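One structure, pasted below without further comment.
In this document, chain identifiers A, B, C and D correspond to the written order of the chains, with residue numbering beginning at 1 in each.
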Amino acid sequence: MSDSNLAHAHQFDDAAQQHEASWLGMWIFLGTEIMFFGGMFLGYTVYRGDYPAAFADASNRLDITLGTINTAVLILSSFTMALAVRSAQLGARRPLIACLGLTMALGAVFLGIKFTEYYQKFVEHLVPGGGFGLSGPLAGAEQIFFSFYFAMTGMHALHMIIGLGLLTALIVKARRGRFSVAYNTPVEVIGLYWHFVDIVWIFLFPLLYLVGRHLQ
Amino acid sequence: MNAVIAAPRRHYLNVNYGLKSWLLTTDHKRIAWLYLIGVTFFFFIGGFFATLIRLELLTPQGDLVQAETYNKLFTMHGVTMIFFFLIPSIPAVLGNFLIPIMIGARDLAFPRLNLASWYIYMLGGLFTLAAAAAGGVDTGWTFYTPYSSIYSNTHVALTVVGIFVTGFSSILTGLNFIVTVHTMRAPGMTWFRLPLFVWAHYATSIIFILGTPVIAITLTLVALERLFHLGIFNPELGGDPLLFQHLFWFYSHPAVYIMILPGMGVISELIACFSRKRVFGYSFVAFSSLGIAVLSFLVWGHHMFVSGQSVYASMIFSLLSMLVAIPSAIKVFNWTATLYKGSISFDAPMLYSLGFIGLFTIGGLTGVFLASLGVDVHVHDTYFVIAHFHYIMVGSAVMAYLGGIHFWWPKMTGRKYPEPLARLAAIIIFLGFNLTFFPQFVLGYLGMPRRYHVYPPEFQVLNVMSSAGASILAVGYLLPLIYLIWSLRYGAVAGMNPWKAKGLEWEIPSPPPTDNFETTPLVTQEAYAYGVADAQAVYPSGEPANV
Amino acid sequence: MPTLGFPLFPDQASTMAGRVDQLYFFLLGLSVFFAGLICILIIVFAVKYRRRSDDEQPQPIPGNLGLEIFWTLVPLGLTLVVFVWGARLFFVTYYPPNDALEINVVAKQWMWKAQHPEGHSEINELHIPSGKPVKLVMTSQDVIHDFFVPAFRVKKDVLPGRYTTLWFEASKPGSYHLFCSQYCGTQHSGMVGRIVVMEPTAFQAWLSGGAAGGSMASAGEKLFRSLGCVSCHLPNDAGRAPSLVGLLGKTVALQGGRSIVADENYVRESILEPNAKVVAGYQPIMPTFKGLVSEEGVMQILAYVKSLKREEGAQVKK
Amino acid sequence: MSAGHVVSVKLYAAIFGTLLVLTLATAGAAFIDLGGSLNAILALLIAGAKALLVILFFMHVLYSSRLTWVFIGAGFFWLLILLALTLADVLSRGWLQAAVG
């Protein structure tokens, strides 16, 4: 048995095969995720076409400053995640742990800002349901907008929370010295996941926060 | 060696014992058994609901159960049969067992994920059973809004959470299959040497991973609407009642092909083996599987011809629906041509296969009626539709499943099933099935709507015929349950290749060892090398893996 | 047709029925041919090539490109014929003739309410004359229902929040089943009724016999006044709101540069969601009437708006 | 596949900088009325460009096998099917009245 046999699971022939399988597996999973969010994007598109005025008006009730800051925070976290993958590839343990920690911190900041926004919406009675505060002829469609707002950002936040869990596991493994130049697949594929969650937000940001600004 | 009594050969069943060794196994063959137990359980649960439905419909007055109960019965029948039996049946049992062996691998790419898929499936089933036990759900398996989101007073949220959870099991299984087929084929196992069973499962997996997430998010939104009063489908707020239907059928039409494509894969194997011929037009059959998988996503609107969908969209969907009939027709013709100049034997799996071809032809042709706009307007949401999809899902998919279980039973267990009883059961099922569902075509064209608890008295005779057929069908389904369990202990020892079939799974012992192959095979032949002398894979260390 | 004591084929009681049945029989013929062909081939092959000894090894036949192309193109051609035939039929069911008698239908769990233009309303029954096209404008107060008359071969979902239309021309007097064929809750199978097709003279007699509470349009006019619509929607374009005279079927320019053909759904939406589509040149000042007027009321107002023809514009007086 | 391809910190930083600039650009452009649906189109184009940068560089797809490209392409293609065929219904619902009326 050669050394490389120690680094891969029994069903694989070698580490390269195992790496390829994990890499493809994560991409297939992300394809699934595209369709998962795609269902909501479709609903949003249909209603935005039906009720442009209501969507513009409702969108303008979101806090664009916080939204933009959050976009920047998430992009920065993608950057640190990319650096984490690079550190893992180079076998640099300390920078890897630092980058992963930084990514987690930025993710937490994002969630903190997001929940601040949720709280604001709660105070302003913009949460759909019996307590919805808007009235007037546009109120129905505005409630639909806020339903999408909460469903889409909520699903996104859920993915962030799962991502934080995965990053925690990575940090634990990294501290135990599990990753090396030869074996760093988990860092790489969880990196893919994190970037994907970033991409979803890149689309959510203009659709939710920006659609009505020019009509203000 | 010959002086002492040889220790029994090690294989995946006797390598270790105890509940824990099964519940924590990562062996794809043992996981297949876990699934087999799960889907069999749900099949009989679903069958129980069907029995009550058919009993109720014996009389037109609706006097056996209350309307509310009846609505719950057909809903739970649909939900259990579709999400917990048909969708996992062939892929998760036979696919799990066979795909790694057929491509010459030791296991799937992600064995632990495979085990997790089974737990997720059972967890989803648990939610749905809990919903049934708590009083059931009455929306129909289609969960149309706004009935499901606002008006129904039953356990919709719990049920859809169950389906959502089970969806993950499908996604992970599909992901596992695709990665395995891409990365773990044995040397020499090129794409065009793959058995058609593997092609069919590859195509099915595409639908698993790209369709399932859409139903997951759609049902999640329905649950959120019920639990947190979001207003995504609510017409009171201006919500579009057709949006849900688009999202639902985007998955649920391709889901029909999730149920039938693996069956087509099974039939290709069986027809080849029992006529000892290479499948006629191998590459056409292989590509028609992929063609079906892609086209299946372009036709969902044919469920919405009378829903208020735009005329133009309906026409596009009708045209595309016609196209999906073509790859199915190609398969039927090729299977039939495979029989030509073959050496045909009539073992039970072959009886199921021949039954499959006939019933699938009828199911497929009646699908053209439904894809045709003018006729669909009349038969939509009637018993014609019920008959059509039961010809596909029961007449075809379940027949293929049973045929496959019989065919690979010796490989899975090392034992033979009792052949005469099995042939009898296959014939009973075929006759019972036709008596149950053929009258429903007539009922449908007469105009009897589906999901009717009370119906006009002139429809009674046909309904009685259907119920009589269902009782025969029930006998047919109970028989294999009994003799297959019996054969586990008393069946004759099968040997490595009882059917004299070709394929890597027949070159290893029955039951196979845990790692399937002692040395990785080197494939030098096309699939179904019947009539080719000594066609088998090369095993580099010299011997094939048999002992 | 031979009788077995129970029906095997539905009544043909509309002008569409015969045409749908023709396509149905064509499809049935195709199906019998292909299913028969496959079954016969299977049986012949199974008998002729049955295994005679266990060692038999038939010669492999890899395939035949010509055959593959043949049995790809033949089904393709046939399904395209079926598509064109079916689509033409379908298009006809969407084109209501201009002279159709218009009846409004409101569905709710679990009953059908029909309103004739003359003001008669019926529950779970619909009386119509034979030999005259009838157009139904339908909506639902709760969930999705479906108006299905097997003898006419027509069916259409009835949606909440939207109008759908359906038309047919009954050809044979008699009484026919009306089914709700979209699952709508507990008493779904109880949401049935009958369509009574009468000779035109008998229908006229039926119409004059009932105690009609005034026509749809006059009821709509009353609502139009009592809800105050009349104070803005003047007969000419001088008011704060656009004139409604001759509105139906007209192309209306909207704010934002779009335009739309005014149909029943547009009028309905403008009453309940007035700011969704505002006519160019007007302010979005109209209040919503959601909750103030029932679905039947909206249909009455709609009947009134439809009655405002250009040449009769004089009848809208302040 | 990307195994072993190490991207320089400089390139990552350049991509990060571009993404930030694009974010500010899209937020700023949203306040200018471009007329019609141009605002929405521009916002989606910028979002698409940002997503492409993340996919190609941060996710190493630029250095990956053709199979990876196929899988990603399939994901987006299927999303397109969902959007296109549903919108085919939603957008053409009023057409018949227009044709008849």
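Points worth noting:
Everything below uses one rule, namely that a contact is a pair of C-beta atoms (placed from the backbone, for glycine too) under 8 Å apart; a residue touches a chain by one contact, two chains touch by 3 or more.
In this text the structure is predicted, and so the values were computed from the model without any measurement.
When chain centres are taken as C-alpha averages, the shortest distance to the whole-protein C-alpha average belongs to B.
Top contact pair of chains, counted by C-beta pairs, is B-C.
The most distant chain from subunit A, with centres taken as the mean of CA atoms, is C. Mean C-alpha position of subunit B lies 36 Å from that of subunit C.
Measuring from the averaged C-alpha position of subunit A to that of subunit C gives a distance of 45 Å. Taking the mean of the C-alpha atoms as each chain's centre, subunit A and subunit D sit 16 Å apart.
In subunit C, the residues touching two or more other chains are 94, 273, 276. Counting partners per residue, subunit D has 67, 74-75, 78, 82, 86, 90-91, 96 as the residues that reach two or more other chains. Multi-chain contact residues, meaning those touching two or more other chains, occur in subunit B at positions 182, 210, 214, 236, 238-240, 242-243, 246, 250, 308, 311. On subunit A, the positions that touch subunit C within their shared complex are 50-54, 136-138, 140-141. Taken together, the subunit D residues at the contact with subunit B in this complex read 67, 74-75, 78, 81-82, 85-86, 88-93, 95-96. Partner subunit A is touched in their complex by these residues of subunit D: 1-4, 6-7, 9, 12-13, 15-16, 19-20, 23-24, 26-27, 30-34, 39-40, 43-44, 46-47, 50-51, 54-55, 57-60, 64, 67-68, 71-72, 74-76, 78-79, 82-83, 86-87, 90-91.
Contact residues of subunit B toward subunit D in the complex are 182, 206, 210, 214, 240, 242-243, 246, 250, 297-298, 300-301, 304, 308-313, 316-317.
On subunit C, the positions that touch subunit D within their shared complex are 94-95, 248-251, 257, 260-261, 263, 265.
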